[in-house]
Each structure stands twice: as structure tokens, then as C-alpha cells.
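Reviewing the structure listed below.
Letters A, B, C, D, E, F and G name the chains as they come in the text, with residue numbers starting at 1 for each one.
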Amino acid sequence: MEIVLACCVGILFASATFMMLRRSIVKLVMGLIILSNAANLVIFTAAGVVHGKPPLIDEVTKTVVDGIADPLPQALVLTAIVIAFGVLAFSVVLIRRAYEEVGNDDTNQMNGTDT
Amino acid sequence: MFVFILIIVLLAACSPILVPWLASRQKVGLLALVPACLFVYALTTYLPAVADGQTFLKTTQWMPSLGLTLSFYIDGLSLLFVLLITGIGTFIVWYASDYMRNYPDLGRFFLWLFAFMAAMLGLVTADNLLLLFVFWELTSITSYMLIGFNHESEKARKLALQGLFVTVGGGLLLMTGVILLGSIAGTLQISEIVQQPLAAQGSLVNVMLILILMGAFTKSAQFPFHFWLPNAMAAPTPVSAFLHSATMVKAGIFLMARLHPALGEQILWSTLQLWAGGITMILGAVLAYTAIDIKKALAYSTVTALGTLTFLLGIGSQAAIVAFVGFLIAHSLYKASLFMLAGAIDHSAGSKDLSKLGGLKKTMPMTFALMIVAALSLAGLPPLFGFIAKELVFEAALAANSGLVLVAVTMASLSVAVAIILIIKPFLGSDALLPQKPHEASFPMLVGPAVLLSASLLFGLWPRLVDQGLIQATVQAVIPNAADFYLSIWHGFNAALGLSVLALILGIVLVRAWQPSRWLAEKQRLFSESVGPEAGYFKLMDFIVWLAIKQTRVIQNGRLSNYMTVIILAVVIPVGYTLLTQHGWPDLPKVAPPNIYEVMMVALLALSTLFAVITPARFASIISLGAMGYAVALIFVHFSAPDLGITQVLVETLTVLLLVLVLVKAPGFSSYASRGEVIRDAIVAILLGVLMTLLVLAALNVQWAPSISDYFIENSYELGKGRNIVNVILVDFRALDTLGEIFVLAIAALGVYSMIRLRKGSS
Amino acid sequence: MKKHKDILIARNLSMVHRHDDSLILRTAAIIILPLQLVFSVFLLLRGHDEPGGGFIGGLVAAGAFSLYLFTFGIRALNRLFWVSPKDILAIGLLLGLVATVPSLLSGQAFFTALWLEFYLAGTKVKLSTVLIFDIGVYLTVIGTLMTMFTAIANPRDYRS
Amino acid sequence: MLELVIIFSYISLSLALLLAFIRMVKGPSLPDRVVALELIASIVIGLFGLNAIDTGVSAYLDIAIVLALTAFLVAIGFARFIQVRGACDN
Amino acid sequence: MIGFFWNVLLAAAWVLMTGSFEFLNYVFGFAIGYVALLLMSRSVSAVSDYPRRLPRAIYFLLYFIEELIKANLKVAIDIITPTFLGKPGVISIELDAKTNLEITLVANIISLTPGTLSLDVSADKKILFVHAMYLTDEDQVRAELKHLEQRLLKVMR
Amino acid sequence: MSNILFLPIFISLLGGALTLSFWRSIRWQKRVTLLSAVVYLIVAVILLLKVMEEGYVVLQMGDWAAPFGITLVADVLSATMILLTGIVGFAAALYSMASVPNEHIRFGYFSLLQLLLAGVSGAFLTGDVFNLFVWFEVMLLASFGLLTLGGERNQMEGAIKYVTINLFSSAIFLSAIGLLYGTTGTLNMADLSVKLTGVEEQGLVNVLALMFMVSFGIKAGAFPLFFWLPASYHTPLVAVSAVFAGLLTKVGVYALYRFFSVIFIGDIEYTHTIILWLGILTMLTGVLGAAAQFEFRRILSFHIISQIGYMLIAFAIFTPLAIIGGVFYIAHHIIVKTNLFLISGITYQLAGTHELKAMGGFYRQRPWLALVFLIPALSLAGLPPLSGFFAKYIVIKAGVEAGSWWAVGFGLLVGLLTLYSMIKIWAEVFWKRQPKTDAPTDLTAKLSLWMLAPVVILALMTVAIGLYGEPLYQLAEVAANQLLNPQGYIDAVLGGTK
Amino acid sequence: MIIEIIVSILIVCASIFMVLAAIGLLTFPDLPTRMHATTKSGVLATCLVMIAVALYFLQTDITARVIAIITFILITAPVAAHAIGRAAYFAGVPLWPGTVKDELGDYYAPESSSGDTDEDRPEEITKDENIYGQNKNKP
């Protein structure tokens, strides 16, 4: 299964970067959304996945079953999701404001500050 | 010595306040008392001791780790320079107090002048190579400030930059050379380095020699770096007289002389000095002869002198070194005087153009008289000290070989010509049409030349005044075991005298041939602008700017998509290359094959992502991203991550809401890319995708160490008092992450809030 | 049959705007909002043992408020909050920071969890700095999202 | 037997996901897509329930609750948006 | 509503008192609470109609489920058959429901019933516009919907 | 256990949260900011002294033993960086008092500023890879916020690039962390160092190392990843530019120093050669970029890049002296570059423009300001006896001794071109006559002491380092020894566990 | 065993309804008819799965959660359907040409129930701003 997920990671990264290479800022921000999902999936997949054994301790026995899923990548991904959400919220508003200021959604037109 | 420098630094620091105060009382000349006192002090305290063969060394730590010490060393060579700096400096300050009377920012002028003086004193007395370099660079920057004193003129700024660029550039090479010398010799203390000749050989030593010589040559205007010096004449005349004749330009010479005991026996060292010095001598002399601006002529004549000094060091025999010292003293005396007199002419007549000046004899008799003495010294005629110096040069050349004699004679005859022209053109002949009515120069402007030339005359008549004390000690500093020698104005009829006569005759012939030729000057200018080293400098500068603009236009082209392409490739190429060359294609990890449902789940993820990418409809894309989020949540849940599933679902929902809220007023999808660009971008994107897939597969194949997670699983309930291990990690084991995370959210909120609400014109 | 949209355009364009608030939606929202809020607190409190926690709870609560925003508009939402969302945000952050401090009193490292366990009416109650921290997270998330939503929502589009 | 049923159910729900996805792709109008997404959310809730039965982990139900409570917000949000901007995409 | 709240409270109290947290114990506690409220209903006005409404509600729920399944099957058949059998249209229904809550519940129940979808309520809250899929007999659809409304209102009032 | 280690982060976070809660009162925000800047500075000094005394200071957050919890750890490099952060933060706080419009303050300027410092401090202190990511994000988002605060068009244009490229960098960083965890099962830097020693597949380790290198390279503004920097650094308020210029890229550099001296030391030949060429190209492109500019802050921005090159080269040479040079360079650069940006703000305030062509006359009208500019400018160009000279000297000396002739050659060339740029500013802004403009500006207008004080203080520090650089050298020497001998770091972090 | 059978039946039914809902969504001719398919069948299917879950576990807390889920779905699904349907209707998403009646349209435009066009109006929605502008004139 990890192989399929690894392929999926590739697809997400490719899609994200392709979108980020578009000149339309809306596409750019969509690319960012996909990108964060892609990175999260890397963390999730690279540590190996387990079906049906969430890292919860049994209420009664206070023990866990053997071979439960690794909780640490989950915690990392959770933090990453939250951070990505904050970043994304910022970016979305940024592209809208950029659009309002520049009057255009072409990133190539937003080159007044470079040279 | 440190006290000397401190006094001058203090004086420099006070100048901006002190000078206006003195100026309001017409007593700026009083400032000259300070260098004068120092001169007298050095003369009375150090000279007798040094003449006795004593040296003074005082060392204080500065940055011991770098071997940088505040160590000052006084021997003949440094004392000679100290005397020159303070002595000539006294008169320069006096001179400037009158010459610069009407300039604005006089305080700042003296600030930089004294700062320079302090740096120069430091340079010549430093016993630590690094310390010497520190002062070296300080002279460069203070000289920049002085050259560009008329900073509102663009030309002055440009030429000041040129001087700075060449000297600092050379300085950087010198620094590298110093580093090398330090590591080869094992110390930076000059007094230790010069204990014996450097024994080491080899390419590293050669590199070191070249680097040090480069530093010295740039500073002392040796060919091919000679061009900056005449251009530095943009500076006010006192500056030219002080920095660009008597002191700073001799720093390179000083350095070479300083290191002579250690490096003088290196073949490369002396060969380079001979060639550079020889070429510089002749070139400078020719250029001086053809110049029509007095200051230019003097500057090129200085170049000649500097070349001569280098040349003598290159010969390296005792005779040459004696000649070196003699010529150094003589030149400093007459050249500073010449500059001051030229300044007086300019100040009085308002012109420096030899072809325009004339007949000043009547209005400026004192100046004229002094000019004659100075020029005779330049021409190397008795009974001035210049004559002795020139004789010494001839003798040194004669002792070496005949080619060198030719060079020396050429230089001497051209100098004679220049000297005579300097007497004839401005002062004799008919009255010229001048920009302003000339008048005799004031006392402060003449006192300097008068005293200096008297010294020249005195030393010429009674060389005993200097040869046993100062010159002997200086020669000793350059050649530690020099034999005793005596200078005298009359050597009898010998080859040197013959050469002098020859030079005089040739010089007079050349004067006859001299035409104030604008055509020649123009040709000369064109030459130097198109092929000469100066042209090289300007071409280099132009090239740098051209390259800079070109590069910036190509690299920093303002196109985000190009930036991203480069950056993505910067990930793909090195990482991919390393992966494939050092690790190889990863094997497929041995894991359970997926079932149909898992495949469907991932298919939904892939399809919804791809649809979000290809759809031309913006909101279809957003909705598709929502579906993608749900698919990710499904994967999380299927693989035992309920917390992630919940979070993903919630975040996805809120993301879509946010997008909907924000994009109400945002543009739709526009497609700007051509088919080719789309394909190019797709290739770049796919490369990254493939790379990431390979990396994940590679990572799945290895497990170098067991995970630390077992600790969390074991202790979550006991120590963390929670059954949801993920949550215990988040709020306890790794709570700091979560703390950072909530601040990220808060910052995002603030950012969004300010972006929406704080706009131009809103309040 | 003519295209519905054309007919609509032809007949009366402004009917949507004469009547753009759905009674059904409003009434339903009033029912759903408290449900979601209660549920969010539930998620917050049990997060240490089951899926949930401050972040998830906060998101649910924020979802509840955004429903309110979409239904009743920005002004109504502002009326609903008697403090500014930024204050909630600040309180959340300060709580998060405060939770790191108590351990200093007992000479332990920052962030060391302190637990106070006791039985109240037969139920085991666990009070801890961890809970304070989680509440801080909860409030921060609410504050963040509400700050964003109230900033972004244009009063002209989202009004009562 | 239950295992077989669950596999059948996984497959049919996946099929449903696919069909709903096709509607999402086809549109044609924005509300059509929103409706498709809502159905996907419903199917996902069903899948979470199925996961719970499959693995015996009741925690998955909590995700279902959350989804049930919040997924419709997307519809509400889009409804509001459609009122403001119209149903035409781009 | 208050009556239901009390009933739940009583059930919870029962569970606490017995100390057995089994599902069936909750049901049992609820039943006992119901009986208690039934006894109280004569004297306490706040809960006076609750005992009557609970069975009606349950009855309505069953009725609703039956309708739900019946109509779902109808749509299901339509989905399976290749041709679209529907005859859709938007009809208006006079509302007997008065309060916002009543109107909302009626509208939502109608929406949940397959074949019908509440689109809008008139500004004066008197008419509900419903999109119906099978308008072969418009009057019958109307009648069914009215019937549904009446049954719901009975529970509510 | 040394709780002082958390204080720099805690103070900035608290300051940020408090200023946020005082969002209604500008005056209280200013008070809180000043107070926390002062306290931070004091704590930073104490921390540095403590580190000098003890070598390493370690704090296991929440008393969870390493490698399980998050470890904060300060060696001399970290503590020095914290002190520099305190200095820059203090200067920026002072400067902001009078220069930041009330509107900006009302919309969270001070909160963002302090949270930026919190992120920076966290990045310097953490000993955990993922925690570093978190602090990076705190820092990034705060910088996003500061960059866009004001909402002008050029800010938005610059921010789009800044945000996009940095988020890509974060994604690569995050993925690399995921892969690293997947292969080693740990996140603690010291533990990673232990677990990566002697692994068979060094090639895969190099791959991961390169991913981190690219990611940090983007943050540090290295070639060819720096595009975001010149596109954006000149757009926000000057105080913000100054903090960015001083600190942000240095966090990337710091991370490179840390990772490639503690974690990825298995194949130094390979990794550090890449860093060397990265550094050389960075220097060249940066300095050439500056040569093409005629806007005060843009020149300075490009020079950040060129100076980053020096720091990379120094690290790549990887001898004790080179790393001493690198640390020295970082310290010098932070102070000087911050100051130059602040000065650009003062000239902007007086001349109303950043365009060199439209400026002039400052030397005549504002000689003291000219002096204060000359100090950092000449220091940046590496002229003695200022801080930059010693920084450059040490690096070049290390290059010479290590025989890295390319590094030496380009280092010298770039030094010269840096001087060219600084002199360009000097000649245009200070020496040149003030050009006639439509709206004549008064160069002699009164300047707030709040703005002058930090500039003068930083200039004095530059001179002080130049005149008495030995203590900093000693500091850098200890730091270099620690970096070259990671065992001490590992023992300090993991000691007492297992 | 009995419970397992019931659970199985419920799950199978749920799956079938869900697939039917999806097919309906795909094949029905216009938005409202598609929503008929999804809202109801989807809700029904989800509820069936949840009941199956409750029966499978037979635990108090899980049953409570199942009841909560079902309640939430029953409350939110029709509201969402209503909101989308209504918005789409007023936004002018075309109805299937086979639609026999539109009393809602008649209600808002009784003066021209025949479907004639008034030529003097269409320009009013040429710009979004008009829509915002008219918001202010709400009675």
C-alpha cells in the first residue's frame, strides 16, 4: 500500500508545483493547498502505515494492541496541517489583495519590485 | 609612537569644531604647530638615538588571536618617514590654512587631513604587518575623502573612486600577501621577519611576492596602475602636495624597503621591481614632459620618481639603496615644494595650464625664485640635494648594468626638461591672458617651499648633515649590514658626472622641442582612454555594471514562475543526481499490496487533485480540492489516524469556506501559458513528483534505528495521563510545537486582519 | 420551454434581493449553533483520551460561528461576540503561555505538566496545566478564525 | 459473512464516490458540483462508519460526527456565495 | 421541550442511582421517567402535554420512516430504470404552520421525504414552495404534503 | 536543567501576546515592546555568560528526557545568535517608537515584530528538527505579516514571491523531516547525529542532507534560491527591513551551520564542496545584483545575498579558523546590515525617497549622519579597523590556509565590489548635491531621538568590535570548536538519559 | 449472530442506496432532481450504516454517538439541500425543460405569468455591482 501512497505523493507534488508554476495567482494558491497536503502525506507515508490500529490506549485494559500505528508522525502531521492552514489563510487573502492592488491576476505583471 | 598617532587622531576628531573656531579668528595656521611639535620631538628625541644605531620597539596586544599587535617600531627608515610626514605636514597645514581659506567645510578638510596623517604615521611605524595593513587601508579611505573633497563635482567623485578602487583593490591583494607571508614566516612582526632573508622558495612564496608587490605597486602608482595618481589631482593642492607626492604614494615604496631585508634576495621580487620601476620611470617622465597642466606634469614627474625608487630597490645593491634613500629625501623636499608653488600659481592666477600661463615673474617674484630652486633640484643640478641624489642613482645604475643606465639617463633628461619648462612657461615670456589678476602668494603659502628648499640646499652643500645620521640609519634598516659611506657633492670627474651633463644637454634639447601641443595632449588622452591601463580600468568598471545589469535582468526578472522553475530544478537536479549516483533507484519496499478499496481511495485523491489542476473553472477547482481533502481524511482514517482525519475534515471545510469568502472578489482562472510553456512546466512538475515518490520509496526501504515512539506508547498513560497518545504528544511531550503552532495561527489572523482592513487611505 | 434563467431575468431581476434571507436556514442555524458549540466543548474536554482536543474543538466552534456568519451576517456575528475576536485570540495565547509557567514554582522545567486529580460526585476529575494549555489552544483557534472571518466577510455581502 | 458484506460495501461506496466525482467533474453548474461534494461527504461518513465496524475502533465515529456537523457548512457557504455572485463558475 | 428535558434528566438520575451505565438501563430509566412525568402532568402545567406528545412523536417518526423508505424506493426505481420517469415542477403549499420553528421543521421534513424539496417560504410565511419530482397528480402530492404537515403539527402543538 | 533557555522565546511570545491583548492602546503596546526588548537583552547577556561558563546549556522541555521530548540547547553559537537577536530587536524596537505609523501599530505591528523575534529565538535554541520547522513557520508568518502591513501595491507584489518561494521551501523542509524520521525514527538533532553515524547507505543520507540544504538555502537567500529576497526586502517599513536584513537570512545560515556540523557530517567532502560553490556563486550574483541597483534599500538587499556567500564559504572550508570567521562574520553582518537599513530609513524620512538619483546633499547638511553611515558602510566593505575587516580577514586567511583559492579570489573580488556599492551610496546620497525636485525636502529637519539612538548604538558597536574584536574572536573560537566537535553537543543533550 | 445478519442487511441496503444516490446524481436531468436523489438516498444510506454501527457495538456511548450523528444528519442535510436549491434557483440555474410548473416564479412575477419577456430590464444584471446596490433597497 505504501507504494501506492508514494505514487500519490508524487502526483500531489507534481500537481502542486504545476499549479505554482501557473501565472494566475488563484492557481498559485491552489498549488499551495495541494503542496501542504503532499508534504503531510510524505511524513505520514514515510514512517510506514498501519490499518485499523489507531494509537489509542484501551479504556479498560490501559494497554495497546501490538503493532499500533506510530503516533509521532500523526502528531507532526497534525501540527503541520494547522500551520499550513494558517499559512494558507494568509496566502489566500494575500492573493486577493494583490489582485486588488495590481488589478490583474498575472504574476508576471507583479514584477515592479524586482529590478 | 602610538601617542603621536593618538594626538593626531584627537586633533582630527576635534577639527570640525576647532577649525571653524580658529577660522573665525584667522588663526587656522596654528594647527600646524601640532605636527611641528611632533617633528621637533622626533628630531630631538629619536634621531640621535637612531643615528647611534638604536631602534625602538613598543608592543601592545590588540587581537592576539590574529597575531595583530599594536607594535610600533622606530628605526632609520620609519624615522625618516616620520620626519617627512610631520615636517612636510607642518607646512602643508600652514599652507592649507591660507590656500583653503574660502572653502566650505574647512573643519572636515582638516579632519580628513589629520586622519590621513595619523594613518600615515601608523603605517610607517607599524611593526606588525597586519597593523601596517590597517593603516594602509586607512590612508586609502582618508585619501579618498580628500581627493573627493570637492564632492559636489561629479568628476571629483569619479576620480576619487578610481584612486580608492585601485588602491583598495591592491590593498586586498596585499592583505592576501600579508596572510601568506605571515604563515610562511610564522609571524606578522616585521622586526622578526626581517631578521634574516626568507629562506623559503616555491610557488606559494612567489604568489606571496606578487601579491605584496601588487599592493605596493598600486599604492605607489607603478605601471600599470600609474593612472590613478594624476587623476587624484582633482584634490585640492595641499592634498596633492602631501599625499600624492611626499607621503601616501611612498607607502608602497616604504613597504618594499621595509621588507627588503627579508625578500630582497628573492629573484622574482627584484626582477619585478626592476621592470615595473624602469617602465614607470620612463613612462612617467614622458607623460610629465607632454603634460600641459602643471599639476599633471608634477604628478607624472612623481610617478617617475616613484618608479625610480622602485627601480633602485630592484637593483638592491648598497649603492642603489643609498641612492634610494637620498632620492627619497630629495624628492620629498622638492616635489612638495613644487606642488605648493604650483598651487600658489593656480591660486593666484586661476589657471594651471602651462600653455596659457606666462609672465608671472613680475607679479610673483618670490614664487619665481623658489620655483627656480625647486626645479633645479628636480633637474638634479648642484648645489641642491637633488643633484647628489641623481648622482647616486647614476652610480647605482652604472654599478649594475648598461641597460639600467640608459633608463636612468632617459629619466634624468626628461626631468631636466620638465624642470626647465616649469621655470620658463609660467614665469617668463609675455604676459598671458589669465582668468584673474595674479598677485604674489601669501606668506603661509611660501614658507613651506622656502623652508623645504633651504633644507634641500643645505643638505646639498653639507651632506654630512644627513648622511651619517639619518641616511646611514635608513640604509641600515634596508640593508642590515651596510658598509659605511659618505655623501659629497663633488665626486670628481667620473662617469656619473658625465651622465649628468649628458642628461642636462639632452634636457635642454627637449625643452627646445617642447610645444604646448593640444593635439598631443588630445592624442595622449585618446590613447589612455582606448588602450591604456586607465582605459582598462574604465572598461572593467563598465563591464561590471553591464554584467550586473545583464545578470540581474536575467536572474531577477520579476517572473515568479521562472523563479519557481529554477528553484524546483535546484531541488530536483542535485537531490535527484545524488540519489541516483550515490544510492541508486530505490527498490520497491516489501509491503502488503493494496486492496481495491485502498486503491479507490487513493484514486479519488489523485483524480480530484488532477481535476483541480486541469479544470478551467475556479470553483470547480475549489470543490475538487474539497474532495481531495476528504480523500486525504479517508486515507488518514483508514491508516489509523482518527485525530488526523477529524482535523483534515475540519480544516478542509474551513479552507473551502475561506476560499469562498475571499474569492468572491478575486479573479477567475486565467491561462497565460502557451502550449510549450505548459509542457515545460509539466515536465518540471513531473520531475519533482517522481523524485518525491522515489524518495519516499527509498525511505521506506531503510530503518536505521528504531523509532522513539515506543516511549510515547509506553508512557502516554502512566506519565502523560491520557489515552489518546497523539493528543498527549501534542499537549505534553511536544507541547512546545503546539505552542508555536497556536502563535502561527494568531499571526496568520493578524496578517489577514491587517491586510484586509489596513489600506491606503483607510483609517 | 424557454430557458428558466432567461425567464427569470426577464421577469424580475431583483426578487432574490428582495428576499435573500431564508427563514428555514435562519431557524435551523439557531438550532445547530448551540449543538455545535456544546459538541466542541465536548471534543475539547475529552481530547486527552479520545480523538479531539483543543484544536479540533476550536475548529468545530469556529465552524459554528461561521454558520452564524453565513446565515445572519457579519453584524449579527459581531453582536454575538461581546468581546472582540482579537481578545479571544489574545486570551487563548496568554493561557497557552500561562500553562507553561506553574511548573517553575516546583522547580521543574518549563511546560512540565502538573496534575490535580480528585473525585467529584463519584467522577474522576483531572485538572491540569495541560488542560489549561488545551483551552488556550481552543480559544486561539476560535479567535483566529473569527478574526479572519470577520475581517474578510464584506459587510455588504454578509449582513443581517 | 460480515467480512464479505464489508468488502462489498467498501467497493460499492467507492463506486458511489467515483460516480459522485464524475458529477463533480461534469458540473455543469456550480451548485451541481456542490451537491456532488455533499454526496461525497455523505459517502465518506458512511465509509467512516464502515471503518468502525471493520476495525472495531469506535473512535472513527467521532470523525463521522464532526463531518455530519460541519460538512454542510460548505453547502451553506456556497449557497451564500451563489446568492452574491451567481451560479456561473468563472 | 421542557418535558423531554426533564425526562432525560430523570433517566440520567436513574442511571446514576443504579450505578449501572448499560444502554438498556438508560432506556429503562427513560421509561420510568416518562411514567413519572405522566403522573405529574395533571398537576404541573409545564409538562402537562408532554406525555401526550411523546407517543405521537414516536408514531410520527415511524410514519416518517415508512414514507422515507417508500418514497426512496420510488426514486430508486426511477434511478434504475433507464428513462427518467419524473414530471418535476415547483408547487406552492399553503402553510398551517405558524412559528418559525414549525415552518422549518415542516420544510425540512418535506425536504427529507424523497420526491419533494423545500425551495422557499414566502415573505409572509404563508406559502411554502416545494420542488416535487412526480407531479403526475398535483393535487395528490399537495394532499400528501398537507397530511405530513398536519401530523407534524400535532406532535408540535 | 536551565529554565533561562526558554526565556528568550517566552519573553517574545509573551510580549507578542500582550501587545495583541493591548491592541486598543498604542501607548501600552509601546511600553510592553520596550520592556520586553530590554528584558530580552538582559536575558541574552546572562545566557551567553552562562554558556561561556558551562559550554552547553540544555533544557528538556516539560522534563521529558531527550530524545523524546523537545530539547532546547544553547551552545556558544546559539547564545551569540540570541544576543544578536536581542540587539537587533532592541534597536528595531527603539527605532519603531517614532517611525512606525499609528495605523500599523493598531493593526498589530508590535505583536508581529515580537513574534518574529520569538520565531527567530526558537530557531536558534531548539535542538529538535521538527520544532525548528515550527519556529521557522512562526518566523515566516510573522515576516509575511510585517511585509504586507500597510497594504501597498509593491508590498503585495513582493510578498507574493516571498510567500510562494518560502512556502515551497517549507514544504521541502517538512518532507525532508518526514523522510528523516521515516529512516531514523527520531527528531532530536543530537540523537540524529548518533543514529546517522556509520549508516551503510551514506548516499541516502546525502540525499536528505541536500534536501535540507536546499530548504535552508532558500531561507538563507543562497544562489540560485534567493529571488524572493531582493523582490521583497525593500518594500516594508524600514524597521522591518532592518530586522529582516539582520536576522531572517541568518536563521537559514544558522540552520545550515547546525545541521551540517552536527547531523550531516558523514560525507563532508561532498556536502561542504557543494556549500562552497553555493557560497561563491551566491557572493557573485549578490554583489553584481547590487551593482545594478540604484535604490538604497535594494542595494542593501542584494548585499545581504553577497554577504551570505561569505558565511557559506567560511562554513564550507570547515576548519576551525574558517568557522571562527563565519561566526565572526555573522555577528558583524547582523549589526552592520541592520544599521544600514535603519539609516536608509532616516535618509528616506528626510529625502522622501530611496532612489539614489533623487537624493543627495547629506554630507553637507547632515555630517554626523554621514559619519554614522560611513562606519557600517565601510565595515560592510571590509575596511579596517572596523568589524567587517576582521570578519573578512579571518575568512580569507582561513581560505588561504586551507588552499581554497577560488574562495579567496572571489572573496576578495566581492569585497572590492562591495566597497564599490557602498561608495556608490556614499557618493550619490551624501556627497552629491541635493538634486532639484518638485517637492523640495528639508534635509535639516529634526529627527527623533528614538530613530537616532539605535543607529548610533549600532555604529558604536561596529567600531567597538573593530577596535576590540578579541572577545568576539574568543567567542567565535569557542563556538567553532563546539561546532567542529559535535560530541560535546551530543553528550550535553543526551547525557543523563539511557 | 442475528445481530450480525441485521448489521449485514443494513450495510448492504445502505450501500445500495448510496450507489443509487450516486447514479441518480449522475443521471437525473437537472439540479433539483439530482438533489432529490442525493439528499434523501444519501441521508438514508448514512443513517442505515450508523444504525448498523450501533447494533454492531451495542454500547451505550456508541449508541449515543450514533443517535447524535443521525440527528445531526437529519438536521443539517435538508437545510443544506434547501440552501443550495434555493440559491441555485434564484441564481438562475436552468431547470429541466420538462419541468411542468413553476409557481415560485409566478409568485415573484405575477404581472407576467405567461413567460413574456420585458425588454426593458435585462441590463440590470450586467454588473455585479447592481446586485450589491439593490441589496440596500430591501423592503
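Criterion: a residue touches a chain if its C-beta (ideal position, glycine included) is under 8 Å from a C-beta of that chain, and two chains touch if they have at least 3 such contacts.
Since the structure is predicted, the reported quantities are computational estimates derived from the model, not experimental observations.
Path length between chain B and chain D in the touching-chain graph (shortest route): 1. Least step count on the touch graph, chain F to chain G: 2. Central chain (C-alpha centroid nearest the global protein C-alpha centroid): F. Across the assembly, the mean Cα position most removed from that of chain F is the one of E.
Two chain pairs, A-D and C-E, are compared here, and C-E has more C-beta pairs in contact (counted per touch definition above).
Placing every chain at the mean of its C-alpha atoms, the farthest one from chain C is found to be B. For the pair chain B and chain G, the distance between C-alpha centroids works out to 77 Å. Each chain gets a centre from the mean of its Cα atoms; for chain B and chain F, those two points are 26 Å apart. Averaged C-alpha coordinates put the centre of chain D at 25 Å from the centre of chain E.
Computed centre separation for the pair chain A/chain G is 31 angstrom, with centres defined by C-alpha atoms.
Of all residues in chain C, those touching 2 or more other chains are 16, 18, 20, 22, 24-25, 28, 32, 35, 39, 49-52, 55-56, 60, 63, 66, 70, 86, 89, 93, 97, 100, 111, 113, 144, 148, 152, 157, listed in ascending order. Looking at chain F, one finds that residues 13, 16-17, 20, 61-62, 130, 134, 137, 141, 144-145, 148, 151-152, 160-161, 164, 168, 175, 178-179, 181-183, 187, 227, 230-231, 292 touch two or more other chains. Across the assembly, chain E contributes residues 107-108, 118, 120 that each touch 2 or more other chains.
Of all possible chain pairs, the ones that touch are A-B, A-C, A-D, A-F, B-C, B-D, B-F, C-D, C-E, C-F, C-G, D-G, E-G.
Residues 47-56, 59-60, 62-63, 66, 70, 85-86, 89, 92-93, 96-97, 100, 111, 113, 115, 126, 128, 130, 133-134, 136-137, 140-141, 143-145, 147-149, 151-154, 157 of chain C are the ones touching chain B in the complex.
Contacts from chain A toward chain C in the complex involve residues 56, 59, 78, 82, 86, 89, 93. The residues of chain B lying in touch with chain F in their complex are 16, 61-66, 104-105, 108, 130, 133-134, 137-138, 140-141, 144, 148, 151-152, 154, 157, 161, 164-165, 168-169, 172-173, 175-176, 179-180, 183, 544-545, 547-549, 551-553, 555-556, 558, 560, 563-564, 566-568, 570-571, 574-575, 578-579, 581-584, 692, 695-696, 698-700, 702-709, 711-712, 732-737, 739-741, 743-744, 746-748, 750-751, 753-755, 757-760, 763.
Per the touch definition, chain B reaches chain D in the complex via residues 596-597, 600-601, 603-604, 607-608, 611, 615-620, 623-624, 626-627, 630, 633-634, 637-638, 640, 642, 645-646, 649-650, 653, 656-657, 660-661, 664, 668-669. Contact residues of chain F toward chain B in the complex are 13, 16-17, 20, 61-62, 64, 67-70, 103-104, 106-108, 111-112, 115, 118-119, 122, 126, 130-131, 134-135, 137-138, 141-142, 144-145, 148-152, 160-161, 164-165, 168, 172, 175, 178-179, 181-188, 191, 195-196, 199, 201-204, 206-207, 210-211, 213-214, 217-218, 224-225, 227-228, 230-231, 270, 274, 285, 288-293, 363-364, 367, 378, 383-385, 389-390, 393-394, 396-397, 400-401, 408, 412, 415-417, 419-420, 423, 427, 430-433, 469-470, 473-474, 477.
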